[in-house]
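By written order: A, B and C. Residues from 1 in each chain.
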Amino acid sequence: MAATKAAPKKRSQFEEVWRRLKKNKMAMVGLAIVLMLVLLAVFADFLFDYDEIVIKQNTAIRLQGPSAEHWFGTDEFGRDILARLVHGGRISLVVGVIAVAIALTIGGTLGAISGFFGGKVDMLISRAMDILLAVPSLLLSITIVSALGPSILNLMIAIAVSSVPGYARIVRSSVMTVRDNEFVEAAKAIGANNAQIIASHILPNCLAPIIVQVSLKVASAILSTSGLSFLGLGVKAPTPEWGSMLSGGRAYLRNAPHLTVFPGFCIMLTILSLNLLGDGLRDALDPKLKQ
Amino acid sequence: MAQKNPKDLILDIKDLVIHYETDDGTVEAVNGIDIQLEYGKTLGLVGETGSGKTTTALSVLRLVPDPPGVIKNGSIFLDGKDIMNLPQKELEAVRGHLASMIFQDPMTSLNPVFTVGDQISEVIALHENCSKKEADEKAGDMLEVVGIPRERFAEYPHQFSGGMKQRVVIAMALACNPKLLLADEPTTALDVTIQAQVLETMKGLREKFGSAMIMITHDLGIIAEVCDEVSVVYAGQIVEHGTLVDVFNHTRHPYTEGLFGSLPNIEIKRNRLSPIPGLMPDPTDLPKGCCFAPRCKYATPDCEKARPAKKWLSDTHYVRCSRYDEPNFKIEREDQ
Amino acid sequence: MSRYVIKRLVMLIPVLIGVTFLVYFIISLSPGDTAAMLAGEDADAATIEALRHELGLDQPVIIQYARYMLNLLQGDMGNSYKTGRPVTNMIVSCFPNTAKLAFWSILVAVGIALPIGIISATKQYSMFDNVGMVVALIGVATPNFWLGLMMIILFSLNLGWLPSGGSKGWSSYIMPAITLGTGDAALITRMTRSSMLEVIRADYIRTARAKGVPEGKVVYQHALRNALIPVVTAIGLQFGSLLGGATLTETVFAWPGIGRSTVDSIKTKDTTQVLGNIVVLTITFSCVNLLVDILYAFIDPRIKAQYKK
C-alpha cells in the first residue's frame, strides 16, 4: 500500500522540479550548453578522427591562425585546434564526472555512516575529514598526482580525494536532520536493518542537496583537471586536454595567442553552463532558497 | 449610516485594495477595507491567518513589501496626513513616531547584532531632538516602564526570553509616544502566562500614553479584554464591524457566529464545539460572490452571485451579508 | 574568549599531526629511488646505499615520519634534497611574496565585491543587478590561470604597459593581484548579494523600517552587519586558499612564491622541500580559518556567547 501511494507522488515531485527548472531561463541556457558539450564528446570520433587529425603532427601548417579550413587555427605541431578541443572536452567531462562519482561514493558513504551512527564513529570520520580539509585542495591534488605519477586515472583519484570531505559533510548533515524523523522511527519499528534504512529511507531524502552539489562539483573538478594539466601534472602529451593545450600555448603567446584563447574559453563555457544548471537546480529543488 | 467626524480620526482608511503579484498568481490579500479609528480608541481586527489583517496594518506605515505587494486602490489618512502620497523622508518621520508597530514574533523582530538598549535609543534619537546620551537615558527609562531592569541595557536579544523580547519591542514602539499603535498578534508567540503579563503591560501603557491602537488577533478573548470596536475580517474584507457590544452581544454575520461557535464555552457547556466547516478560499482565486458563501450554512444560490455590500444595522454596526436583505432573516446565535 | 582561542589552538595539534602524516605518506608512495637520484647517475651501489642509510630512507615510513616530526618540533625541516640548504631558507624567501600577493588580491576582491553585492541586493532585478550577476557568473567560471595569460597577451605583449612576470616593483603586482582578485571577487559578490537578500527580508529589518530608520541606515547598519557574517567566512576562506593555492597564478606570472616553489620542487622530486612547504601552508591555512572564526565573534554577539561557554 505504501508503495502504490509513494510512486505517483514521486513522479509528480520530479515533474514539479522540472516545471520550475523550465521557467528558469539561465538554467535552460546552461542545460542546453551542457547537452551540446555532452553530444560533442560522445560523437567526437565521428567529427574528427583521433589518429589522423587530433594527434598527427603536420609541421608544414604549424601555428596558423583561424581560417576556413581550420576554424580555430592550428597549434605548434600543426594540429587542428577545434578537433583537439572537441576531443579534449571528452576527457574533461569524463574526468570530471568520474572524479565526482568516486568522491560522492566514498564521501557519501562516510558521511552517511558518520551521520547515522553518530558517537565515536562520527568523531573518527569527522576528524579524518578535518585533516583532509586542512590541506588546500589544489595542493592536495598536486601532491597526490605527483606521488602517483601523471595519468588520467591518477588525476581522477587526486581530484576525487580532495573533494571527499565536502560530500561527507553534506551527506552527514542531511542524514542527521532526516535521521530523527518519524518515518525512520517507523521503519525501525517494523524491523528494517540499518543498511536498509540508510539506503531506502535516508539517502533518497538527502538527494536535493547532493544533486545540486554534484552539478557544481563537476564544474570545479573540470577546473582542477585543467589546472593540474596546466602545471604539467595531468594528462600526458599528445592526448588533447584543455589545460595542457593552454600550457603548450604559453610559449607562443606573442605570435599565436589563439593557442591559449580558445582552450581557456572552452573551460570557461563549460564551467559557466554547469554552474548555471546547478544554480537552477538548487532553486528548483528548494524553492525556499530562491532569491 | 454613521460617518465619524474626520477631525476626530487618527486613522481613516477607505476602500483599501492590496495584491501580492507573484509568479504563481495574484494573491488578493486586501479587498476593500475601511477603517475609521478615533483618537485614543482601540480597534480589534479579528480573523483567521491569511485574512489580510497584517497586510492592512503594514500598509498604514507603507511597509507592505514591494515587490510583490502592490497597493491597488484606496486612501490612508493618518492624523490627517495622506500616507499614500507622502514622500519617503516624511514617511520615515511618521514611522515609529506618529504610529508604531509591534510584530508577531518577538524572537525574530529584534536585530541580533545590536544591544536592546541601542535598539530602543535609536528610535528616540531618530525622532526626538536630543543627544545620544539623553536618548540612552530615556531608553533605560522605557526598559523600566515595561518591567525590565535598566542594567540590562547593554545585553543582546539572544540573552532575553521571548516574553522579555516582546517587552523590548513594546518599549521600542512606545518610546516616542505614538498616537497610534499597531499591534500585530503581539502575544500569539508567547506562553499563556506570559501572554497575560504582556497584555496587562500593553493595556496599562496605552492608558498612560493615551495612544489609539489597532489590535490584530485571532483570539476573541483578547478582543473582549482590550478593544472598544471590532472589525471581523474574512478574505481581505471586513464582514462585520461594530462596537464590542454590537459584535459580541448582537452578532449578525454567519462567519462571526462561526468564530464564537469555535470557542469552548464553560457556561453553556455544549457537548461539542461547532467549528466552521471547510477552509479559507484560495486568495489567488477568490469566489465571485460572497467569499464566505462556500462555508456558510445560510448561503443561498444568490449569495454566490455578487459580493455583498455593507448593510448598516445601527449607527455603529454594519454587516456584509446579502441575506439581511430579507426582512426576517436571523442567524442562530441569540443576542446575549 | 581567550579560552576558546587556546582550545582551538590545542585542537589544531592533532590536525597538523594528521596532515603531516598524510602528506608524508602520500609522498612516500612516489615511485623511483630517491637515494639513487640524489647520488647522481654515476654513483655506485655502495654510495647509494650509504646515502640511503644516512637519510634514513632504509627505514619504515612510520619511523621516517617520527624522525621528521621530532626534528620539525625543533624547527628543523631538514635540508632540501636539491640544493642541500635548509628547507626553511626557501620558505622564508618565498612566503612573504605569496603573503603580499594574497593581501593585495583579497583587497581587490573585497573592494569590487562588497559594493556590487550590496547594490545588487538592494536593487534586485534592476539592470545593475542583472548585469552584475552575469559578470559575476562569468567571473566564477573563468580559470584564473587563463585570465592571467589573456592579460599578459593584452597588457604586456601588445600594449607593453606591465611586466609579464617577476616581482620587481609595484607594477608587477597589478596583473597577478587582479587575476587572483577578480575570481574571488565574483564569488564574494554572489555571496554578499544572496546573504544581503536573505537579511533584508528578515523581520528585524522590517522592525527597523517601522521605527523610521532611514533606508540608507537600514541597509548599511542594520542589514549589512548581519549579512556580513557568512561573507566574512567566504573572504577568510578565500584568503586562506590564496595563501595556499595561488600555485597556478604564481606559475603564470613567474611569481617567486611558495606555490610555485612547491610545484618546482615536485618536478625535481625535492621531497623535503615539498613537505616543508605543504606543512607551512597548511599551518597558515588553519590559522587563517581560526582567525576567521574569532572575527565572527566581533560581528555576531550570539557566537561570542557560544565561545564563552
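Assume a residue touches a chain if its C-beta (ideal position, glycine included) is under 8 Å from a C-beta of that chain, and two chains touch if they have at least 3 such contacts.
Bear in mind that the values here come from a model prediction, so they are computed numbers and not experimental data.
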**Study point:** Chain pair showing more contacts of the two, A-C and B-C
**Key:** A-C
Check your understanding: Measuring centre to centre with C-alpha atoms, which chain is farthest from subunit C?
Key -> B
Exercise for review: Just give me the whole-number Å value for how far the CA centre of subunit B lies from that of subunit C.
Suggested key: 53
**Study point:** Rounded Å distance between subunit A and subunit C, as computed from the means of their C-alpha atoms
**Key:** 22
**Study point:** Interfacial residue positions of subunit C with respect to subunit B in the complex
**Key:** 201-215, 222, 225-226, 299-302, 305
**Study point:** Residues on subunit A engaged by subunit C in the complex (per definition of touch)
**Key:** 127-128, 130-132, 134-139, 142-144, 146-149, 219, 223, 226-227, 230-233, 246, 249-250, 253-254, 257, 260-261, 263-264, 267-269, 271-272, 275-276, 291
Check your understanding: Which positions of subunit C touch subunit A when the two form their complex?
Key -> 14-16, 18-19, 22-23, 26-31, 124, 137-138, 140-143, 145-147, 149-150, 152-153, 157, 194, 197-198, 240-241, 244-245, 247-248, 251, 259, 262-263, 266-267, 274, 278, 281-282, 285-286
Exercise for review: Spell out the residues on subunit B that touch subunit C in their complex, using ranges where they run on.
Suggested key: 61, 63, 65, 88-89, 92-97, 100-101, 103, 105, 108-114, 122-123, 126-127, 156, 158-159, 169, 172
